[in-house]
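First the structure, in the form of structure tokens, and then the observations on it.
The letters A, B, C, D, E and F name the chains in turn, as written, and every chain counts its residues from 1.
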Amino acid sequence: MTADCIIQVINPNTSRAMTATIADAARAVAAPGTEILAVCPQEGAPSIEGHFDEAIAAIGVLQQVKLGREAGVSGHIIACFGDPGLLAARELASRPVVGIAEAAMHMATLVATRFSIVTTLPRTLTIARHLLHQYGFERHCAALHAIDLPVLALEDGSGLAQQKVREQCIEAIRHDGSGAIVLGCGGMADLARELTQELGIPVIDGVSAAVKMIESLHALGLSTSKHGDLDFPLVKPLSGMFGSFNG
Amino acid sequence: MTADCIIQVINPNTSRAMTATIADAARAVAAPGTEILAVCPQEGAPSIEGHFDEAIAAIGVLQQVKLGREAGVSGHIIACFGDPGLLAARELASRPVVGIAEAAMHMATLVATRFSIVTTLPRTLTIARHLLHQYGFERHCAALHAIDLPVLALEDGSGLAQQKVREQCIEAIRHDGSGAIVLGCGGMADLARELTQELGIPVIDGVSAAVKMIESLHALGLSTSKHGDLDFPLVKPLSGMFGSFNG
Amino acid sequence: MTADCIIQVINPNTSRAMTATIADAARAVAAPGTEILAVCPQEGAPSIEGHFDEAIAAIGVLQQVKLGREAGVSGHIIACFGDPGLLAARELASRPVVGIAEAAMHMATLVATRFSIVTTLPRTLTIARHLLHQYGFERHCAALHAIDLPVLALEDGSGLAQQKVREQCIEAIRHDGSGAIVLGCGGMADLARELTQELGIPVIDGVSAAVKMIESLHALGLSTSKHGDLDFPLVKPLSGMFGSFNG
Amino acid sequence: MTADCIIQVINPNTSRAMTATIADAARAVAAPGTEILAVCPQEGAPSIEGHFDEAIAAIGVLQQVKLGREAGVSGHIIACFGDPGLLAARELASRPVVGIAEAAMHMATLVATRFSIVTTLPRTLTIARHLLHQYGFERHCAALHAIDLPVLALEDGSGLAQQKVREQCIEAIRHDGSGAIVLGCGGMADLARELTQELGIPVIDGVSAAVKMIESLHALGLSTSKHGDLDFPLVKPLSGMFGSFNG
Amino acid sequence: MTADCIIQVINPNTSRAMTATIADAARAVAAPGTEILAVCPQEGAPSIEGHFDEAIAAIGVLQQVKLGREAGVSGHIIACFGDPGLLAARELASRPVVGIAEAAMHMATLVATRFSIVTTLPRTLTIARHLLHQYGFERHCAALHAIDLPVLALEDGSGLAQQKVREQCIEAIRHDGSGAIVLGCGGMADLARELTQELGIPVIDGVSAAVKMIESLHALGLSTSKHGDLDFPLVKPLSGMFGSFNG
Amino acid sequence: MTADCIIQVINPNTSRAMTATIADAARAVAAPGTEILAVCPQEGAPSIEGHFDEAIAAIGVLQQVKLGREAGVSGHIIACFGDPGLLAARELASRPVVGIAEAAMHMATLVATRFSIVTTLPRTLTIARHLLHQYGFERHCAALHAIDLPVLALEDGSGLAQQKVREQCIEAIRHDGSGAIVLGCGGMADLARELTQELGIPVIDGVSAAVKMIESLHALGLSTSKHGDLDFPLVKPLSGMFGSFNG
């Protein structure tokens, strides 16, 4: 590998179409010396829309992180807005790991005092609220909106989901008193730049944001701390279907 | 099954010795009409001591919740202090699910204005802090202590870990200004009653606390809400090693 | 007394009709070995609908706790949604004390990630907000609703108040994005089970919840901590109308 | 009465010596047109050192507020550091009511970014923590200290308690990184000015602070809001020993 | 100077009309022995309506504080609702400094459990939110309203801005569930007393509130702490346009 | 200008030596297409060590932002750990603005669950605490340490300050339970990479972190939101020494 920085972008669901959307968004912003390795688990759920789906997805994320680490990547991105398995992945990785919700929220606080979130199904709002809290941004989020369509509607080619995202963004601009919008799904990654230009406020996609964050950490020589709770997992024999994590 | 209330106590790690310790603690407080079904995953990690271990354990928990649900249990307990997979399990279950960290912390706030936590390895303190926050008890926790021994030291028969737990409890009583102690590991379940009597303050084990909480919810006719984010997972085909969750 | 567990249920107001409603709700969920002693102060206010009423009610609660302690009860319940005198009662008691707001809120967090509260007069919402904060559940409460009728309207036999409670519950389900409802008055104790079934989400009454919590603490051998701020009140001569607390 | 402003200073305990100490502190800072009416309940506890004592004291406070209101005072001060009965008193009063913990904490935030508290018995620290939270000052308080002597030690003439207060203040200055000290007991009211001069940092007594706050509210024409939860208590017949509140 | 207490009231903008409005409001509540010195910067912005304006205004405030200190005033008031330069002014001053947002918010919490804010332009709401947080009152504020007119509209003689303030106050009373209103601009200082009487709830102006707070601190002998972060600025040569701060 | 991205790095103090240190740190991590324009105000304070110094520095920052904007830079960095004038600068700028405290804290949360801060004088700890709060990271910061030397000691060539920073970092690693260290002064920018390697945990300098953040925002096409409170300052005639901001 001759790239300066190899970023493994992990789509935690098994949808190849969405993996492609995410890969495109990642490549569109990658620096000249950055190589994007877009992957998704071979086993798992076709979309992530709840706590259960996230628990399943976390295993696939961890398997990919292990593979990425063995391949010597420079960092890992978890490309689902719930950031499933983030802290576990940081334990497993020797290099930095960033979630796309985390990346988008961080970026939003740099360009606006408060932001709104536009996501897919209402049931995922709880996940977003928990992340806001974990990352410290609950006071920076003015409101959360759901378009009330499932994740895969973003890949059905009809454009309906995209239209609803646009409408919710406009609603948010009118009523929330926020200065930026965070798109709450990896499948919306291709909409950010266009909506930013059309609507005149920063509309932020986590995939592209995370690419720049990994590039940044890489350039700074900063990796996941191995001092304390993010140290490598204690070595212990995992059994059955988890045996692939051994060794 | 003729019991009033059948409680599935899930030890999220694969240690049979610890499963037995947990089962004993559960049975010691179960009401006459309650049956305890103590289980552990067939595949997974022998102990849970970090974020990665928790992600692995969550799958085993979910598999057991599915089995328990099919067997018609009245409720489920996640018997590891990190409550791995709690919200995912609530989605999957039709009946109540309680984690032992959750149960112990709730009980502690009923008998003291502030409590201390005594757990195993320092790296798990972060997990406890996150749970305090998620459950709303960060202001009720005066201090966290780690005995700096791994979970399985509690099962090595030497009594060293038990002695260190006792010492940390005495430290906590002297310096924390708290009125109760929460034991931070399922493997400490057998110590609570004895320490409560010896030390003269409530020392709380989450396994027994969770048994009473499930019995309580069962008697009240309260089950996990299926309105909103804890509704059953959306039906979607899971692939590979997760196929057992289908159907 | 031959019961396993004797629970003193204290209605802090002097309404005998409401005491009977509360007693019925308590007995409906009591375990076979539990005896319910439902009492109310002989002197005090006929209903509790504000900070002043609560201060009055606290004295009646404390007098009953003293009597209950002398009678050897296993635990005490404060059956008014403001939990008047809770920490003072814990000082005075040697056994556990639980408030019904506390009990209902705790139970709600076990079956839903967020809950709504439906109470009586708008002026009591401040009290509920303060309790949410004291117990750590301010982030778990999605919204508070008042039916704008006084407490005793629940006992007037017209059914109007009950109808308004039902309507507010339906409103809450539609708009709050919460998964459970907490009924905010001891006088609503008889409505929970029916509304739970009709509306399809957990509707939680604190009286029955508190009965199970006291039974749980009793079975676990956990009593109010006497280490620290909940220790028995320092012995000092109380004068005048408070002389009955001496000795 | 010809004074501009008549302030009823209510010592919530029945100690006449402490009432005199408090009266002196109040008069020492009262404006020329202000009259101080120092009172204490005829019935109650000789000192307030816990949650139970506070519940008892609240009734005496409310009785005095009623008398003060009938006498046409301009405002009321609750001169015990736990501010017992504060919100209930605000309901009952038509004029402003201020607690001395509240007053001292407010003043401290005006002269320092963080303050320390020095109080009497360790068991009262919980009360102070709850007030910090209720008033919004938990982040402004760097540390809490207890001299571990009961309230009435301040009136025993030995000077020991006063000496311990001084020592704790010096400790606080050395280690807390705070810029001011709040004295946590009405019985310490006479120490503030002297310690301020000796130690070179603001040492704040709540009694004198509350006098100026009532004078301020009076001059501004601001009284307790009667819109919402602080409106006068709903008229209802109180029975027995509370009958004196009727009419 | 023969006054007991000389209060320097600093209007941070350069509008002489608004300085007069503020001076009048201050004098209307000043005690007999208090002298009001109303000043505004000679250089700066004609109104303060955002973060940039505040940074400019802070310098003018500091210049005036320096002059006031040299003139021996008893305290300083920063009469703009954003309290620009407050902590810097406290460093520079030897006597107390109070901001009008701070003063109004403090007073509001003494007469109501929750308050609403009515201010000028929506863009200043962020500033008010930050202050609520800094002072600890975010839970005491029920809602924020903007009349959507610039600050100087309050001085245009048309009465339109005043009418909009009144309307927003009425809205707040109807829908916020708060018990008091804080006026969010120094230019509204003359409206408080009239609106308090007309609307029947406390409407609080920070200028008059701050006058009483400085008088209070002065009478209590309390000055800005010089122990810690509010100590006088370290002596260092300031260059250029800041040279006037040297010596 | 032919660079892809031109970053104006503003040292808010007037020390040319420190400006050079900061410029070197910025250039060391700048991407190939990035040009670093390191500037400092011509008028101001030689070091920033308190609230007053920050107010002064903010003006210099704003003057430089205006010049940078006119020169067409791609983004601005405020290279003092208090991030003086950050929100005002965002108003004034059309492109992104990042503070070094902000940048370092954000980066730290990406590689560790908790971090420690090591800064210069104890009096600046209050500023750091306020920033933690503003940015949402108060729960991510385990502890704050001060080396108790002034900022310019970092430039005196003796190496004493550098040695004290190193010692405090080692202290933090031993006792704080945190996984990363944030260096709390622009003058420490050259120490981060060396300490990271020596101590084996991420030691983070805000200058280099901020360079990567501006590059990231630039590449993502994200600029400071001009919708809401960060919109350009309202046009109004500034007088006197602020006249240079007009036009």
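A few notes on this one:
In this text, contacts are C-beta pairs under 8 Å (C-beta built on N, C-alpha and C of every residue); 3 or more make two chains touch, one makes a residue touch a chain.
All values derive from a computational prediction rather than experimental measurement.
Note on interfaces A-E and D-E: more C-beta pairs are in contact across D-E. Residue contact pairs shared with A-B exceed half only for one pair among A-C, E-F or D-F, and that pair is E-F. Taking each chain's centre as the mean of its C-alpha atoms, chain B lies 44 Å from chain F. Chain C and chain D have CA centres that are 30 Å apart.
In this assembly, the C-alpha centroid of chain A lies 53 Å from the C-alpha centroid of chain D. Shared contact sites, meaning residues of chain F that touch two or more other chains, fall at 87, 90, 113-114, 122, 125-126, 133, 139, 177, 228-230.
If you check the complex, the residues on chain A that touch chain E are 113-114, 139, 177.
On the side of chain A, the complex with chain B involves touching residues 14, 42-47, 49-56, 58-59, 62, 85, 87-88, 90-92, 122-127, 130, 133-134, 150, 228-231, 233-234, 236-242, 245. Across the interface of their complex, chain C is touched by residues 122, 125-126, 133 of chain A.
Within the complex, the chain F residues that touch chain A are 29, 31-32, 87, 90, 96, 98, 102, 106-107, 109-114, 135-140, 173, 177-180, 193, 196, 200-202, 204, 208-209, 212-213, 215-217, 219-230.
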